[in-house]
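One chain, chain A, links the two complexes that follow: it is found with chain B in the first and with chain C in the second.
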Partner chain A sequence: MGLGISLISFLLVLAVGWIAGIVPFLKVFFMAYVPYVALAVFVIGLIIRILRWGRSPVPFRITTTCGQEKSLPWIRQNKLDNPSSALGTLGRMLLEILFFRSLFRNTRAEFKDDRLVYSVDKWLWFFSLAFHWSFLIIFLRHFRFFTEPIPSFVGFLQNIDGFFQVGLPIIYITDVLILSGLTFLFLRRIFNSKVRIISLPSDYFPLLLILGIATTGVLLRYFFKTDLVAVKEFTVSVLSFQAVSQELINKLSPLFAIHFFFVCTLLIYFPLSKLVHLGGVFLSPTRNLANNNRMKRHINPWNYDVPVHTYEEYEEEFRDKMIAAGIPVEKED
Partner chain B sequence: MKLYDGWKITIGLIIFTGFFTLPIWLNLTSAESKVKPKLVYPEDAKECVEAKDYMNHFHMDLLNRWRDSVVRMNVRYVVRNGNILTHNGNKLEMSLTLTCLKCHSNKKNFCDQCHNYLDVKPYCWDCHIEPKGGSR
Partner chain C sequence: MSSKIKPEELIKTFNLKPKYRNWMDVPVDFRKGTFNYAGSEEALIYLDQPNPRKWQVTDPDWKLPENWQEIILEGLRERLEKYRSLKIFMDICVRCGACADKCHFFLGSGDPKNMPVLRAELLRSVYRREFTTAGKLMGRMVGARELTFDVLKEWFYYFYQCTQCRRCSVFCPYGIDTAEITFLTRELMNLIGVNIDWIMTPVKNSYRTGNHLGVQPHGMKDSLEMAAADIEEITGIHIDVPINKKGAEILFVTPSADYFATPHYYTLMGYMMLFHEIGLDYTFSTYASEGGNFGSFVSHELMKRLNNKIYAEAKRLGVKWILGGECGHMWRVIHQYMDTMNGPADFLEVPRSPITGTVFENAKSTKMVHICEFTADLIYHNKIKLDPSRNDHWHATFHDSCNPSRGMGLLEEPRYIIKNVMRKFTEMPDNTIREQTFCCGSGSGIGTDENFEMRMRGGFPRANAAKFVRDKYGVNICLCICAIDKANLPPLFEFWVPGLEVGGVHEMVGNALVMTGEKPREVDLRLNPLNNVEEKL
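For the complex of A and B:
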């Protein structure tokens, strides 16, 4: 069910991109104006989402940690999985953000001979790491179309990415990895019944959309080529707020229009969906708080002022009566 | 509006916005962002070995096939239907130096124009001697 809705939505986006690529006046609109809307929605939307998270108080340290906490001196602390200092927490966050530490703990549960068996399963970790890193590197490599002069890291990334020098244009390792990663993540949601039952349209759709971006990108690079000089003139114009001429837009192929519209759709969809985990991962309370519950007092931020009557005040008030009744008091006078 | 860990979140958001809009800042601050490639085509030769559109998109593919054919199969001339093709009166030899560079002799005004603009670093010149501009 969720898959059907996602497929239809994806095909709709594809159709809009394709129509935008072949109908001249729509093409101008989609190429010259939509990217600004997309960029604004993406940046402002993401900021709003993060600020909304920032406004929620975290009442106490959530100690769902995965190692020995700081304890007696002769018990060895697991400083990365259960940090008690800011530095250790930084290390845990880096492991989480750069290497998906939590996902590395993924296990598979299945019935074998009527017994529930858990086993190690690293495939999800491997393919999602491959996909995310490839996506980042591909985005950074695209800086060759975004700016003039081109930043030097682009050449460096291209050299490493095309290390094997297979084919011409050289096949990039990240192109292969992103497609295999996305395919794995997508097929996992379809063929793993335990995952399929909890999958929603918002799980399938972003996978299909990014798969669409990667596929059209690969097609543009290796098979149905477009005028790259025109593409760069176009993107640089858009990214420096210069007017884009009709003549230039006419040089861009329909396939490029589809690729471009997919990216705009992703940018708009991003802050409205689960994809904000790009920013949200930094705010994971189980990862970014040091486990120092027993060393520091953490006051619940939504505590209001309670009028308290301390024991000292109580004794002061009833001291005579307590002494008379033979109840021990702390201060006799 | 109370923002918990406000300064950390603010710094993070500034880094994110700055990084994501980096291409815009780079383009707005550089004078080169309006420079476009200008190809100088040879004046004496009229036509290339293939159509202009094909050469535009697939010249690297053609060169790669030529390389494989010459270096790995020792087939040096383009043969179609059993006959060696001719180009500008000569037998069409699969050679970067003897065929392509004969007309496109100025690397700086031809190859480099688009390659530099798009950060393409072909490894032709790992083996071939780079033509040092000017006409021969």
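For the complex of A and C:
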């Protein structure tokens, strides 16, 4: 369901970006004003989303435990997969967020001669991790366009990223990884029947959009070079809320306009979609709570009294039988 | 019913590569053997639950309140405000599909709606339609749909095809817990009187008599005394059975199946022998005679109403702390809910083993200790004498019960005990034990005869792993620490792995326990002759 809808939506965004890049009047609008709308929607949308999650309390401590609990002193606790302290929980969250710990466990179940067998399946983990980390590093590398002077970490990242020194300009590893990661995730949705069944337009679309951003970015870097001095002047102006001149905008290539419009679209789309998992993962109660339930009482802010069947009512009903059976009672008659 | 389907036929229907179809267009099919009967009118009236009436799942009219959609949507709105878990789980799933082949019901049925992600989408689609702008505007295009009677039927079918085992939650990169979604959706359905009888009647019984079988106090006493008599016959030792004893040091709460069903009963004998041998000052309670909490299968409120009895009884009897028997969902409730719901247990003391002096710091707030923690501590401190050779006719494997593993982390304690009370122990394959353990297929109240086919399907992954160690290593008993396991694994194994027995960890303790003044043992707790290895293997 929804591959067609997503493709059409993506092509629509592409068309708008392209038209914006070649029609001078529109270009000013899309380059000088749209980014502010996008940034505002992104920041405000994400804040609203997180506040809305935060408004709901966590009534019970429902940690999913994935290892030995803390119990007797001579039994070795699995402090990261079943943490009982704040530090352990922090460790668990870091492993989850930075290295996708749970996805790393992934297995594949198959039938072999009427037997179920499980094999290690790290592809999803590998390509997801490759995609997410590459995206982050590419974003950080872009700081060379955002600020003047360029932060020192950018040079460091560029050196590592271009470690193999292949090609000219040097090919970044992250460029290769992000494209292969996204392609894998996209093809998996189409060719793995289980994943295809569960996929919605909102699953294909962001993949296509980010694929669009990465592809136009790669084209800009390696094939259709744009005026980088102009690009930098432009982004710095936008980010420092300064007016951008018509002359400057004219220097930006249509391909850059498309790249830029894709990014704006992503910013707007982000808080309205599943992409908010970026923030939500921090708040997941099965992961971010220590498994110290029996050690430390968890308070439910809306805990309320419920009707109960008291011992007195119980004894009232069964007293005769209890006395006859010689079971102690509170009232003898 | 079991005679109607055959394993070799069922296995042919397994398929992990479902054909692509838009799942919203596939109607639910209430096939005989794959669903549970509706909740009884009487139980709902006794418990003061909404919409009591006589109805059947296959009826065209479920006799719902006229505004049932409104009731459910209002209930959903309320729960979104009360449970951050629900809100987060509705919003952040990326449908990566890592959970898909982790669910025992999907593995055994091949039905895409049994993939945890799709099970959650059944609710999420309605959430999107009612609570998100995109869903309101674009409907099916963004995976949103209205709550219709067909959707309700789908909810009933598939949310009672989830055993709240949480295996999917282990693999989910965001820890999305289908048990939580199932739990809350069942709670929503309960608002309009849509529930199943094997949950509602046990809840009623537990509420009234203290235990889910509805056994009255004298019946419970008879049963415990029968166990004492059986113990005397086997060991020559007379055991007193303390019941509702005020001033005892410890209140012992175990699932009621332990004193009425086999093979649970042998585990009960094991507890009683152990307590007698170490001279424990404890008591059973007829009022709090059920550890298992059937309320936890249908609503937080019913869970609380039943769980209330344990602390109330501990207070009335004036015990110092509480010890709990072998049970699965019971321990999730005790570990993750009891203190929050019905605490603080400030009238109790931090549990301290009177035999070893060990203070159970890990239970210092809830004040309830798992029997495996307690016994492991005894063995570690050499406080009991064991003769593991008395279990030589058994070659065991251990089935981690879902909730103690994924809602608690009780993994090593039972293993430590097993390795000390018997000599032949083999683990099932890694992907099927510990936090990756597979459900028996009948947890959370769906272990009924009418649901037999679905249980055999859902239990297949567990049975498959057990079969592997039986065939390869000659394992002849599967031990477990859960009353539902003990009730369901026997028919499951009879179906898939004939000849494989099921037992509790403390049954093996009872066999191995050398009791002061006992006569030479000739039989184990099942009256199997000892030292006759050939016969058993």
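Basically, the second predicted complex is superposed on the first by the 294 of 333 C-alpha atoms of A that agree within 3 Å, B and C clash if a C-alpha of one lies under 4 Å from a C-alpha of the other, contacts with A are read in each partner's own complex, and residues count from 1 in each chain.
The criterion applied here is as follows: contacts are C-beta pairs under 8 Å (C-beta built on N, C-alpha and C of every residue); 3 or more make two chains touch, one makes a residue touch a chain.
These numbers come from a predicted model, not from an experiment.
Of the two partners chain B and chain C, more residues of chain A are touched by C.
Using the contact criterion defined above for the overlaid structures, shared-chain residue A:Lys70 touches chain C, although it does not reach chain B. Using the contact criterion defined above for the overlaid structures, shared-chain residue A:Lys331 touches neither chain B nor chain C, since it reaches no partner. Residue contacts after overlaying the shared chain place A:Val229 against chain B, while chain C stays out of touching range. In the superposed model, A:Arg297 lies in contact with chain C only, and not with chain B. Look at A:Pro57: by the touch rule set out above, it reaches both chain B and chain C.
In the superposition on chain A, the residues of chain A contacting both chain B and chain C are 54-58, 283.
Within the complex, the chain C residues that touch chain A are 11, 14, 16-24, 48, 80-88, 91-98, 100-102, 107, 112, 115, 117-118, 121, 133-134, 141-143, 166, 169-177, 180, 207-210, 216-218, 221-222, 243-246, 286-287, 301, 304-305, 308-309, 312-313, 316, 335-337, 339-341, 343-344, 358, 360-366, 368, 373, 376-377, 380, 405-413, 416, 429, 431-432, 434-436, 460-461, 464-465, 468.
Only residues 1-6, 9, 12-13, 16-17, 20-21, 23-24, 26-28, 30, 32-37, 56-58, 60-61, 63-64, 114, 117-119, 121, 123 of chain B touch chain A when the two sit together in their complex.
Of all the residues in chain A, the ones that touch chain B in their complex are 39, 42-43, 46-47, 50-51, 54-58, 143-151, 154-155, 158-159, 165, 167-169, 225, 227-229, 232-233, 236, 239-242, 279, 282-283, 301.
The part of chain A that touches chain C in the complex is made up of residues 1-2, 5, 49, 52-72, 74-76, 78, 81-82, 84, 96, 100, 102-103, 105-111, 114-116, 118, 124, 128, 192-203, 272-274, 276-277, 280-281, 283-287, 291, 293-300, 302-303, 306-311, 314-315, 317-318, 321-322, 324-328.
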